[in-house]
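Paired with chain B in one complex and with chain C in the other, chain A is shared by the two complexes that follow.
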Partner chain A sequence: MEQHNRFWRIALLAAPLAVFGVFVIWPLVSSFYYSVTDWNGFDPDYQFVGLSNFAKIASDRLFLQAAVNTSLWMAAAIVLPTSLGLLLALLLDSRVLGARVFKSIFYLPICLSAVIVGQIWTWIYQPDWGLLNTVITQVSGEKFKYAWLAKPDTALWSVIVAWSWQQTGLAMVIYLAGLTSIPGDLLEVAEIEGATQWQRFREVVLPLLAPSTVVVVALSVVNSLKGFDILYIMTGGGPFNSSETLAMHMYNESFKKYLMGYGAAISVVLFGVAMAIIGLYFRQLRKVDRIYG
Partner chain B sequence: MNQISRRGVLLGSLAIPMLGVGRMASAEGGEVTISHYFTGELGMKAFNEQVAKFTAATGIAMKDSPVGHEDFKTDILVRAAGNSLPDVFSYWAGARVQFIVDSNALAPIDDMWVANGLDAVIAKPVADSATLYNGKRYLVPFNYHYAGMFYNVKVLADAGMTAAPKTWDEFLALCEALKAKGVAPIALGSKNRWPAQFWFDYLLLRTAGPDYRAKLMSGVAKYSDPEVAAALAMWKDLFDKGYFVENANADDWTDASDKVARGEAGMTLMGTWITGYWNGNGLVPAQDYDFFEFPKVKDGVPNAAVGPVDGLVTAANAANPEGAAKFLAFMVSDAGVQAAWANAQGALSANVNVDPASYNAVMQKAAATVAAAEAFAFNYDLATPPPVAEVGLSMFTRFIDDPSQAEAILAQVASDAEAAFKG
Partner chain C sequence: MANRFSPWPATIFTILSVLAVLFLLPTVGVLLSSVKTTREISMGDLWSMPATLYLGNFAEVLANPSVHTYFANTLLVTLPATAISITLGAMAGYVFAKLPFRGSNTLFLIIVAGMFFPPQVILVPLFRLFNGLGLIDTLYPVIIVHSALGIPICALMMRNFFATVPNALREAAIMEGANEWQVLIQIVLPLSLPALAVLATLQFTWIWNDFLWPLIFTQSDDKRTIMIGIVNLKGQYSVAWGVQGALSLVASLPTLLVFLFFQRFFIKGMTMGAVKG
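Our next item is the complex of A and B:
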């Protein structure tokens, strides 16, 4: 009987493992392999070029710019949705009329795909008739025609705003769940002891929300690393590469310049960065687990 | 009971790969697979009608997977990388075909070309420039386009234009007249970058000539040359005078076309596919819109026409090469297919048996203009290798964003392009 169960265990595990192997492990191994070749995507006869693709990264001006943009993107993706989500959660946790309706509305963007969010915000930013410029024109009384997504100074930040708009709902929901688990008597005690509202928030609520914060930050980081689609839809990394992140840069080098080998090298670097961040996250998670069990 | 359901699950998981085997089997059953970018405003319905004629004539079924024009550039690479190119696909003649010929991804079609007597069917200038790569034929020209200055007839008449400007001074005077009327003289939608290239192409061709441009495109001449700087300086002059619409980098080519159609702008430098787009929106050729040739700038420079040739090519590892050859031959040889397709897409046919009278008035003029031109040049992103084209296309949008940076931009492009040529 035991033998029989073992067979089924292996058999049933085989299918998902095969899927994981084919769609996750194999592409990963392949990108390591291609990163040391000069493959252009079309030619089956490619050469082994050693580490020259990685050496090229060091002198690639656009890679450096993309690395800076990726750091900005990740920092903003952590700070903006997290703080805004917390703020919304605090507002909605107190008894606001129609809190449920507001919760649903704020959560709604996360249900949309990044492509739809990107398209909505592209319309909002449209210079001639977009919502943003229309509002500015109405308020200032002067025709305002700034092209938010087509200017190198604002393209990346405009996409970050759209991204944060979508991600805030997720942070809000996680914080709302965290807030319900804070015992009311703790806050009451603090109040009796004479703590101000700010002190209660700073000394009681915020520390007790730490597990939620870890989850929110981790999700923000992971989501921001994956954040390719919205950028692709809104700017494609443009104008003239000014809003390129590393993922976007890898895509453009691979698929527009046909430098698949070099693109694979960039993806290997990106993989290393992602692994480092995930490693840090798990360490942090263990720490939080130890404290809050 | 429990075990049966588990077995069912396992069998089910085995059945999924079997579907793939079934698909492969059907591909061998005589059908030809094709992928193309003739979608949306580029005539999907008309293309399908032509494909239906092929199936009716030969009994060979086509398995179609159309992809949007911009996405096609990526999609076909993904399919090549996955070793799953369709038997036949549409592609742009010039440096892009050269790139995949050099990568051994295409099958030569010389036998098919000879067997079907295509020398007598395809106009020689197009055949010479678009079909031959490394001494062999790889592409049949499905149609070609011409880039000209398309304008709103009423708007330009209101600005006092009685005859198309022939010289640069006449062109500048026209722009000035339009500006005085409160209309943006020139619409440009360079969000996807390529619509900007025709300006660089024509300014360089009209000042430095087709031979110099060919050298620049192949990496013999350099972006640091005075010829390139001079062309860019003329372009900058147009920006400085305020002749271009605001925020060109925020608009798509259809947005720019709409601005001309609505009369918010006077003209736009665009390929003849704009006629297909405008006709589809109810504009009447020659009555609502027309075009003139890019004006002459310098004496003694040969008059070149710019445009792309859309071709059909066969993958080197096509599953059905015979069917693919038949499809290529039929689509380019059948004058009925060529005429219907050219008209629907707003393109010109390279088939000499297509009666020019079947075109509308504007397209007849376009055909005559190309025939009279002393040279035909592929537009920038089809004339220079794809990695270099990427550098150049980004240069154009950066220049459009801030023309005052022309010098710095050229210095950067000179080194980037040199690196891209080296690969």
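Our next item is the complex of A and C:
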């Protein structure tokens, strides 16, 4: 029997592990290898340059800017889709009339491509006839019209808002799943004991949603690290690299300037950041599991 | 159940309606633009209701031969990659659920962790690999990479679903002389149609919508997929906003239809993948 099992384990795992190993794990490992070379993307040959790519990172002004922007994006990712998603989930959980329709509406952006989302929001921010400036002009006159995506101080945040619009639906669905697992009698007891609406929310609902919050926050942060397409479409990292993120910087250095070795070094840094987040996530998940599971 | 966290139904309905309108506005803008003439839009009327329904933009998009090529290419990538990733995920998921071994949990965790990394982490080596194989500017690398990157989510979801299929079913079949492959194909998979539907909708949507991989691996216009195509055609229709709107709609139509008809599976997949992950 054990022999039989071993044969089938190998037979069934061979193909998926081979594909995953060759096209995901192996490239991941060799990113470290190429990060100490000066490969330029088309020559078959390259030189080893030691840690000079990493030294370059330390003095790369654009890398620093990208790191700051990525951190801002992450911070916004923790706050914006999470809080809005929680609000929507709480409102929808009250079994309001048409809850299903509302749910679909808030969820719809998730099935759109980041390319489409980027284009839609480019139109909203369009200086002359965009929705935002049209509304602003109606309310407060011409003088507050603004070229949102073309100005260094608003470009990044404009993209983050567009991205959050798409992420909110995801946060909402996860919170809704969390809310349905809260036992109704717990809330009833709290009500009988004389807890106010706010107390019930603070003392019962919110703590019981902790596992969902861990998932929502982790997903948002991970997705913010992946944020590339929407940025590529809306600003391309500009103006003057003001909205560039680490993912974008990596792409530009590797596939625009053909500094693939340097690009690999940046991707090693990205890997480290992602690793830290995932580690933190699994630890939080276990901690939450111990308390509430 | 009547008394959940629900104080004021009318107020909640109003708040939700306002939020829903705000949420829909961006999408509605594209819809409106697609049925207006360029003249109408350039006069500053993109966001109002159209006076007449102008279908010229759609005619323009549907008659464009490039759009046909982009669509065909996207199908050629999406259908095989969806099928391959689900097949491989089901095979791995079966072992993790029904034939666990020492270290299989760690292996499973490593595979699932693959879901969380930004794709930039494997970009350079993959480009070198496919360049060396002479496959740059073909659709193959896009199909292959999507198949590989789909394995984590597919293995995760299939494992979780297979775990709910009673072991007694498998044991009975084995006693009668079936092998594991027959158990998987003839007994377990037919019981797992909901999970397969979830994965099919998720994978189809993600791969159809993807931008990064075809951007890296393809170069000539006749190899581009639809999401890259949209960006390429922007130059051709630079001020024809209506045509751009129609193009966006046509490009999103397959995923919108999938969402409309399989919404239940889609949402389930998103929460299952996220919560269990």
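In this section, the second predicted complex is superposed on the first by the 283 of 293 C-alpha atoms of A that agree within 3 Å, B and C clash if a C-alpha of one lies under 4 Å from a C-alpha of the other, contacts with A are read in each partner's own complex, and residues count from 1 in each chain.
Operating definition for what follows: a contact is a pair of C-beta atoms (placed from the backbone, for glycine too) under 8 Å apart; a residue touches a chain by one contact, two chains touch by 3 or more.
Note that the coordinates shown come from a computational prediction; the quantities given were computed from them, not determined experimentally.
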- Task: Considering only the touch criterion stated at the top, classify A:12 as touching first (chain B), second (chain C), both, or neither.
- Result: both
- Does the superposition put A:41 against chain B (first), chain C (second), both, or neither? both
- More residues of chain A are touched by which chain, chain B or chain C? C
- Message: Quick check on the superposed pair: does A:150 touch chain B, chain C, both, or neither? Answer first, second, both or neither.
- Response: first
- Partner chain in contact with A:252 - chain B first, chain C second, else both or neither: first
- Message: Per the contact definition in the header, classify A:124: touching chain B only (first), chain C only (second), both, or neither.
- Response: second
- Message: Quick check on the superposed pair: does A:3 touch chain B, chain C, both, or neither? Answer first, second, both or neither.
- Response: neither
- In the overlay, answer first, second, both or neither for which of chain B and chain C A:134 touches. second
- Message: Going by the contact definition given at the top, which residues of chain A touch chain B in one complex and chain C in the other?
- Response: 8, 11-12, 15, 41-42, 44, 128, 255, 260
- Message: With touch defined as at the start, can you tell me which chain A residues reach chain B in the complex?
- Response: 8, 11-12, 15, 38, 40-45, 126-128, 145, 147, 149-152, 238-241, 252, 255-260
- Within the complex, which stretch of chain A touches chain C? 5-6, 8-9, 11-13, 15-17, 19-20, 22-28, 30-31, 33-34, 39, 41-42, 44, 88, 90-98, 102-116, 119-121, 123-124, 128-129, 131, 134, 165, 170, 173-174, 176-177, 184, 187-188, 191, 197, 200-201, 205, 211-212, 215, 219, 222, 225-226, 228-229, 232-233, 246-247, 250-251, 254-255, 260, 263-264, 266-267, 270-271, 274, 277-278, 281
- Would you pull the chain C residues touching chain A in the complex into a rising list? 1, 3-7, 9, 12-13, 15-16, 19-20, 23-27, 29-30, 33, 41-42, 44-47, 88-89, 91-92, 94-95, 99, 101, 111, 113-114, 116-129, 131-132, 144-145, 147-149, 151, 155, 179-181, 184, 205, 208-212, 216, 227, 230-231, 241, 244, 248, 251-252, 255-256, 258-259, 263, 266-267, 270-271, 274-275, 277
- Within the complex, chain A is touched by chain B residues 6, 9-10, 13, 73-74, 77-78, 80-81, 83, 99-100, 102-105, 191, 193, 246-247, 249-250, 386-387, 390, 394-395, 397-398, 401, 420, 423
